[in-house]
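Consider the two complexes below, in which chain A is the common component and chain B and chain C are the respective partners.
On to the complex of A and B.
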């Protein structure tokens, strides 16, 4: 559980919050109130809260969980309010805007449920922990992460790969249906009926498959023919989502398989490492070099003096890291059934993250050195 | 039909030309690359000047906003022209890496730019210029290209 939160909060949430700042301005023309202040406050508090929570879970120290909860509520509460104001004030319209509005609501629900669960663990409150955990997970992965990913995909899939747009009938209905199904899923806490769960889970999985299938089809029929780490990462994410949907459907239709706890781990690996880590890494490999370029050329140097995007992270480093990540996911999935592989899978997964971190740190260092060069040249003249 | 519809359509046309130019150069087919790139640069230039000479002045006259979105768009046109010049230089020296890097940067800049125009500026133009003849002039200019 500590490691899951390390990925979900330490990696996914940090990247997604950062991406929202960029995306609100570009895609929906909104303005976050004092974005630098919000980002510079939320980011460190979130980091501290995550470390406390993970340490609390890892070493079973309730006092650390107690300390983490108010920090999460403060950081994410502030973030949700700032972003929601920007999203409701913008004059823009469209499916991406609505997906982002619903996603931010999904984040709020996830945080509230997570805080309740942490308090329940600390104080031994009599709440249905397992059911609430399932609902917390569904909102975190579905209502927040997937909703945001879909909203962002409507723009970035056509934009990075020059594909056709998502069919309007799909993008219009995906978000509202997902929201509705998640609400219905949450009502499981009141109706424990297995048939009710089945009636919700299958349409939910069908919806995931439709999103993944359409995205793969759009990429297959794209106009741009160049392959890069981003496009392959996105495909890996969509294939993992299809595998997740098929496996989860098998679990729902044959509840006896659910008795094997390894099955849940299998689903977790597919969702976290397979879908979201892949999709987010792929997008960072495109957005970080572009933002580097954008900030460098704003320094006022002649554009020819600003190095292009491919000079920020070497293509070989990105594809190499991608291969290691795919290997790590395959090893993790295999280790679910072959415990002998667990250590190797863990090492591969950690190494792929370390490599990704190295690539991103490299991009920051190159940005700084190019910036210093440009400033020195400007002073010289 | 909205007055900016021809510009929407022309964005897609330029995307096609971009994909061809990028692909031919990535494959090292420089002769075809020269031709495809010339076409791309020509069409983008037509698009930029149509906006700068027809759409933006009309929008500015109708709204009185001269330092708003149109100024940002003009600035981005300048950046894209610079990147096109970098690509031209790389093409002349058959430098695939520099061409690919500049192309990648142009693509993201161009797509962000189009997104801002299509989601924000064009709807504003349709609102304030709906009754004017700017749409017909734009369609004519882009068709002639």
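On to the complex of A and C.
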């Protein structure tokens, strides 16, 4: 559980919150109130809260969990309010905006449920921990992460991967259906009937298969073929999502499979490492260079002085890191059934994260160096 | 006169670079038609800061027609 939260909060949430600040401006033309102040407050508090929570779970220290809860509520409560205001005030319309609005609601529900669970663990509250954990997980991965990924995909996949747009009938209904199914899934807490869970889980899995299938189909049918790291990362994420849906459907239809605890780990690896780490890394490899370019361009330099976006992160570095990530995911999935591979899989996964960090730090350093060059040139004129 | 930039099969930021190059030579009364599959909000903010007006139409196939012209004065 500590490691799951390290990925979900330490990597996914940090990247998604950061991306939202920029994405609101670029994709839906909204403005977050004093973005630097909000980001500089939320980010360190969130980091501290994550470290406390992970340490509390890892070393079974309730006092650390108690300390983490108010910090999460403060950081993410402030973030949700600032982002929600920006999303409701923008004059823009469209499916991406609605998906982002629903996603921010999903984040709020996830945080509230997570805080309740942490308090229940600390104070021994009599709440249905397992049921609440399942609902917390569904809102975190579905209502927040998947909703945001889908909303961002409607904008970013056609723009950066040069596909046709998502079919309007799909993008219009995906978000509301996902929200409705998650609300129904949450009602498990009141209806313990296994048939009710089955009736909700299968359409939910079908819905995420539809998103993955349509994204792959859009990539396959695009007129100009691009095989950059982002496109391949997205393909890996969507294939992992399909594998997750098939595996989870098998678990729902044959509940005796769930008796083997390794099956749940298999699903966790597919969802976290296979789907979200892949999709987020792929997005960052496009968004970070694009933002570098945009900010350099806004410095007022002539276009010829602004370096090409492709110079921000070398293509070979991104492709190499992608290969290592895919190897790490395959090793992690294999290690579920072959425990002898666990250590090797862990090393490969950690190394792929370190390489990704190095690539992104490189992009920031190149941005700073180009920015200084442009400012120096402006001074000389 | 209308200059057309079909950015639907270009990777960002190429459509924006081409648009800004074309705007440099756009005469008053002429317009620039940009075709994209998304709404270019960063371009919109540059246009409004630099005295350009634009209108948008959405075609059935998802193409956005963005028509840009220079504001008088």
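Rule of thumb we're sticking to: the second predicted complex is superposed on the first by the 376 of 381 C-alpha atoms of A that agree within 3 Å, B and C clash if a C-alpha of one lies under 4 Å from a C-alpha of the other, contacts with A are read in each partner's own complex, and residues count from 1 in each chain.
Rule of thumb we're sticking to: contacts are C-beta pairs under 8 Å (C-beta built on N, C-alpha and C of every residue); 3 or more make two chains touch, one makes a residue touch a chain.
Small disclaimer: the values here were computed from a predicted structure and weren't measured.
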Chain C versus chain B on the shared chain A, clash or fit after superposition: clash
A:290 touches, of chain B and chain C: first, second, both or neither? both
Which superposed partner A:168 touches (first chain B, second chain C, both, neither): second
Touched partner set for A:26, first chain B, second chain C, both or neither: both
Touching partner for A:225 - first (chain B), second (chain C), both, neither: first
Which of chain B and chain C A:314 touches, first, second, both or neither: neither
Partner chain in contact with A:94 - chain B first, chain C second, else both or neither: both
Touching partner for A:159 - first (chain B), second (chain C), both, neither: both
Touched partner set for A:62, first chain B, second chain C, both or neither: neither
Chain B versus chain C as contact partner of A:346, first or second or both or neither: neither
Contacts on chain A seen with chain B and repeated with chain C across the two complexes: 26-29, 92, 94, 155, 159-160, 162, 223-224, 226, 290, 293-294, 297, 303, 309
Contacting residues of chain A [partner chain C, same complex]: 25-29, 92, 94, 155, 158-160, 162, 164-165, 168, 223-224, 226, 290, 293-294, 297, 303, 309
List of chain B residues in touch with chain A within their complex: 15-16, 18-19, 22-23, 26, 79, 82-83, 85-86, 97-98, 100-102, 104-105, 107-109, 111-112, 115-116, 119-120
Chain A-touching residues of chain C, taken from the complex the two chains share: 8-13, 17, 20-21, 36-39, 41-42, 44-45, 61-62
Partner chain B, residues of chain A touching it in the complex: 26-29, 92, 94, 155, 159-160, 162, 223-226, 286, 290, 293-294, 297, 302-304, 307-311
